[in-house]
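The structure's right below; bear with me while I get my questions together.
Naming follows writing order (A, B, C, D and E), and every chain is counted from residue 1.
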Amino acid sequence: MEKDKILSLKGLSKHFGGIKVIEHVSLDVTAGERVGLIGPNGAGKSTLFNMIAGDLEPSGGTIHYYGDRINSMPNYKRTQKGIVRTFQKNNLMMGLTVRENILLVLQRINQKHTQWWKQATPGNYQLLFEHAGSLLHEWGLEEYSQTKVKDLSYGVQRQIEMIMAIAGNPKLLLLDEPTAGMSQVETDQIISLINKLPVEVTIMMIEHDVDVLFGNTDRVIVLHAGTLIADGSPEQVRENPEVKEIYMGKEVIANA
Amino acid sequence: INTTTKEKDKDTKTNTEEKGTIKIGALLPTSGVYASLGENLLNGMKLYFEQQNWEVAGKKIEIVQEDDESDPQVGLRKLRKLTDQDQINILTGTVSTAVAYAIRDEVDKRKLPYINSHAGGNDLTRAKRSDYIWRSSFSSWQIGHSMGEWAYKNIGKKIYVTAADYAFGHEVAEAFKAAYTAAGGKVVEEVYPPLGNNDYSSYLAKMNRDDIDGIYAFYAGSDAVRFVQQYNQYGLKGKIPLIGSGWLTAEDVRPQQGMSPDGITASIFWDYSISTPENKAFIKAYEKKYNSRPSIESAEGYDAAMIIAETIKKLNGDISDSAKVVDAMSSIKITSPRGPISFDKETHNVIQNLYIVKTSVVNGKTENKVIDTIEQVVDPGK
Amino acid sequence: MRNLPVKGPLLFLIMVFVPFFLSIFYVNLLTEIFILGVFALSLNILVGQTGMVSLGHAAFFGAGAYAAGLAAIHVSTNTFLSIAAGLLAAFLLAVIIGLFSTKANGFYFLMLTLACSQIVYSIIYQWRTVTGGSNGLTGIAPIDLGANIVLSNQVWVYYFILVVFTIVLFLINRFLHSPLGSVLIGIRENEERMKSIGYNTALYKNISFIIAGTLGGLSGSLYVIFNGFISPAEVYWTASGSVLIMVLIGGAGTLWGPVIGAAFIVILETLISSYMENWMMIIGAVFIIFVIFAPDGMVGIFNALKKFFVQPKKLEVDADEPIIKPIKQETKMDG
Amino acid sequence: MLSLKDVHSYYGASHILQGVNLEVKKGSAAVLLGRNGMGKTTAIHSIIGFVTKKEGEISFEGENVINLKSHQIARKGIGIVPQGRRIFTNLSVKENLTVFANQEQGGWDLEKVYKLFPRLKEREKSHAGNLSGGEQSMLSIGRALMRNPKILLLDEPTEGLSPLMVGEVMEVIVKLKEAGMSMLLVEQNIATALSIADDVYIINKGRIVYHDRPEELKKNMDIAYHHLAIS
Amino acid sequence: MSTLLLQLINGFSYGFLLFIITCGITIVFGILGVLNLAHGSFYLLGSYLGYSLIMKAGLPFWAALAAVPLIIAVLGYMLETIILRPTYKLGHLSQVLLTFGLAYIFHDLFAILWGKNMLVVDPPPALNMSIQLAGYSVPAYRIALIVIGLAIAIFLWFFQEKTKWGAVIRAGLSDKEMAAGLGVNIHLVFTFVFVLGSLFAGVGGVIGSPILGAFPGMEFQILILSLVVLVVGGLGSVSGTLIASLLVGFVETFSRYLVPELSLIITFALMAVVLVVRPQGLIGRRV
């Protein structure tokens, strides 16, 4: 059924000059799936996300979203249609406060962003401010509400990235290494919040923390040098010798 | 360096409180593109009043100078300051025509007697004429027109016209063209480089042609320096005669032009070389006081001051009624360094001689010499 | 900003009574400050709010002024008609220039706006038959509000412009921190990210440009009404530079900053240049002092003073009590 | 080798480090653990001089360097792999490695770094800004090694690296240590950290709340979990 | 045909003159990221000093050409260390304002020291003549400009592309703090670059003065011209600036010849077209 297929990539490629970063990747994702994406550094994972989110235009192949070809749809339109992403490298409105960052997402979702005749105060936009407050409460970050993002530690900034993505009503959520730079507690917290998302939200997640990844996905895809080399259940992929060889290494990381 | 106008004025103010003072507002640029012109105008005025001991018809004279920066907006702002704050009795000045036009309505509304001492825009004494505005300097038309017939007779029948691309340049060029073609000449081509242009090489390449008898050029200040120098460097000098307005070879640009101006002919209403007693006396006094030669603008300032003084004298120092001031001014006839001048009662523009001056090398320096006089030129007023 | 409902009307009242106490010279100066204040406010929408530093804003001032002036001369002396003509001209120009200049960023945007405004300048400068060329457009009739009410008295002009200024300030106050306004601020902070959270930033940048340009045109038409003339000098890039400086010195991105900046520059220029010839030197030195000692502009100084005098206790507490900022652990431990 | 005594650091008015005491012995690896926002990076930045408002004593080889400028501190032989990698995006990969290199006291050179990270050699001519996240991490480590420092400050160096790469980097760190290099390592993964540490510090709200040898900590992981708020 | 040749030479010499004038601002902006709005003032100071030394003190032209840039470089050194340095942490806009303030101060200083009239410097005697080319005379000094400009271009290109300095400076631009953390005294580097930029402003001032002269307000003309070249070239690469200078030189020269009515807008129109087509300038690099 076309309908369940939220995302469908066919023969997708990306070349930078002579460098072939993604080559003929084909992939279908069903609505509600939780997909993990792994691969060695420089395999092309983030590039793949960039193309799905519209930050890069593919060199070849097609991207279909709910059956529509979106190859050259600009990124903001895709976000409006529910493709929401986080960035591997923190990418926020650094000079604004945490709450202002989140409000920018919420006001668009609630179609308030074209109003110009009222100041954005808690009095005028009670619902938005309450929503922002509850999100921050949920993440235990209320005390940062009025702090400028640039004054936050790296890890907390990454959490703000996550909040903004989740606040954006995603249908397809693309998470690029959500737990990188997070301490153990914050990692656990992020995972539990991801798991709390409604089941119909589709999630694709790049993650180098294999415990997190294998423990919280129902399908894992492996990219290597721009091509798809494995696609299956976490168990299958984990046992795949090729994946072990190119990705896991000697597994120094024991389960702590 | 312009020594502190303001301090001087304050001095005069303190010693003269009891006698009654006439305040003359001088709206002149001391910064911006026309700063040096404003400075020379002011110097000329100060020289004259100093010769009168800063006193005319029993009244003390005080000059209140404001810098209009040659910017109309600033000019209007400063005019308001002069009238509202300083309560001036008579206004003079403005180098820039745009400033003169900008303040025209305000002057008219306030019935403030205004002797324009430089801005040459034709309309000031034509369509924008006001009962209270009189011009002692010149109109663009007078400058351009005076050369037309002379050029046809003495230079040739075909000419190339070039002028800086601004209203003044166009007005002068138009007046010249009208007079020249009326005399029978033919304007072969015209070109108007932007004001403040820094390289004339390609324009000069256009002018370097065999089918013309001369080039008529209107440039002033730095444009004149560059144009005349490059005219020489690109080998046009000695091949095609150059004529123009007096600013092309004025006292204050010639030193920078080297030997390049040698042979240029220009028309102007005052020149260093006019050999009347009035001019000689003026030059002597000016050189003594400022240790430099007067420029055209210095003479303009001197004349404006003289006209103001004559007007005050006629009214015995009572200048409270603007209408009377204007009336007194209209019938003034004096012989100034530039020769006999009077006002056209119809247009309020000055009636004056225009001189054809030629530049040549004397003792290793260039000097101008009056070679012809066009007597008593009257602006047609439309 | 919260106490504006009190402070604003009070300030307005004071301004209403000003002409009774000040000489006409100062009333005129204030009028000019309001006009340039509107101009600076309009540029602030671009520079302070959207983060697009323009060096060509005088083009809109000029478009508004020339259109209003030409309408007054050739069509009707009705002031509202003149202003409408000015707004329309500036709006159209902003649409055209905005269309391609908003594609460029940072310094390139600055230079592109400079280029466009210089082109506008030279059109005005060279189209002598219509605009009067370097001599400008003069002889524009005084304010005529229709129904035979002609405001030839400068005090009435003052009131008229005060009212317009107040309305503009009120609207901008609403706009600055409204949802739409915060989209523009977001673009200033990180345009790429704003795209990723679903904003068509190109569109919003254009909107910002058009609002700023049209308001700039409004100030231009007010200028013509006030002065009765307009000349190309007001459209030259130096005019764009000087309004930019008003915004920066006053405090970019704040409500009052641009207005204070405009007042500061106008007063400084008028007063200093009357007392000394080398006034540019003084202004230059003032800039330098500002940049080094008050980088957030005049409003920044006010805020710092306010902080210093109003809440000295709180600051001391901050310094004494070594509370590290992140205290999120408490919330954590609860759960 | 490097010791911090009662170091206080500030960002403007906020007092971040509140009396940190910490020591890295010659040829050993000290690991700094702590939750997000507790001051790990601030500690590293205080040592290298990125934070300028600070008090106390930071002595390196017996000399107090707290008042020196960053470049002076770095020239004393302190290398840094900062958080967020901070490679020079407008330089090529090779330039990133060579421009700041310090070859005087041997050890690491371009060849060796390329051998450690073959990926970098493949991307040698690329704009560093175009590298993938993990490649940037490699570059940042390589850049620090090229300076041949006496001590390395590593702020979450393995962030964004694949497990394979993490393993290799850890191996290198162990080898470096064996070769006599001292280092201060900030790490989120406790297991990884403990596997190479000689000393473990836990920082909480700008204060060192725990310090011991890893063997001791391993015996009683509850303490660590308590300080790190892991339930 | 021969007019075409003449115009070609004019275009070249004007283009190289532009390059000599603008390379200083390019260095400072392209490498340091500081938009030095006082560049025009440094240039003009070079011209004025050149005037004083050559026309008043009677020094030979070439001696002045050596001395003046050094004086300006020292001035640049003082300004950078005293005024500019505290503003680096404040961002680019502050430096723009600050250098603009400097330009204002210089403007009045010049008027006090050198008056308000235009001053012109004579070219060196050896070049003070015209050469006959294809039936036209061309000033020898204009030809010399081509040679001097070329020499400067080669020197700068070598400096920026072939020495480690260029990369160090670019690194400092992208992350000053990190560069310092890797042992580079970035302040020293910045000072050096600013001094170098000032030096070239002085060179431009002396070389340009026989053609352009010196008068109050000229610094702003030079500044705008420099900015145009800077942007058309693509912010800060030496090769970009050279190409842009020549392009602007040619377009101006030929447009004056072919469509003189448009000469007022032609440079700006050129810049607008370049930016609309290539928003990064000709040899673009993101800043």
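Keep this in mind: contacts are C-beta pairs under 8 Å (C-beta built on N, C-alpha and C of every residue); 3 or more make two chains touch, one makes a residue touch a chain.
Quick caveat, the model's predicted, so the values are computed rather than measured.
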Any chain in contact with chain B as well as chain C: E
Between B-E and A-C, the pair with more C-beta contacts: A-C
Distance from chain E to chain A - Cα centre to Cα centre, in angstrom: 48
Computed distance of Cα centres, chain D from chain A, in Å: 28
Length of the line joining the C-alpha centres of chain B and chain D, rounded to whole Å: 76
Between chain E and chain C, distance of the C-alpha-averaged centres to the nearest whole Å: 32
Residues of chain C engaged with two or more neighbouring chains: 125-126, 279-280, 325-328, 332
Residues of chain D whose C-beta touches two or more other chains: 14, 35-38, 229
Per-residue multi-chain contacts in chain B, two or more chains: 31, 165
Of chain D, residues touching chain E in the complex: 48-50, 69-71, 74-75, 80, 82, 86, 88-91, 95-96, 98-100, 102, 143, 147
In the complex, chain E residues that touch chain D: 164, 167-168, 170-171, 173-175, 177-186, 285-286
Residue ranges of chain C in contact with chain A within the complex: 1-2, 173-183, 185-186, 188-190, 192-201, 325-328, 331-332, 335
Sites on chain C touched by chain B in the complex: 23-25, 28-29, 32, 125-126, 128, 132-136, 138-139, 227-229, 231-234, 269-270, 273-277, 279-280
Sites on chain B touched by chain E in the complex: 1, 31-33, 35-36, 39, 165, 191-194, 196-199, 201-203, 205-206, 208, 221-222, 225-226, 229, 233-235, 252-253, 256-258
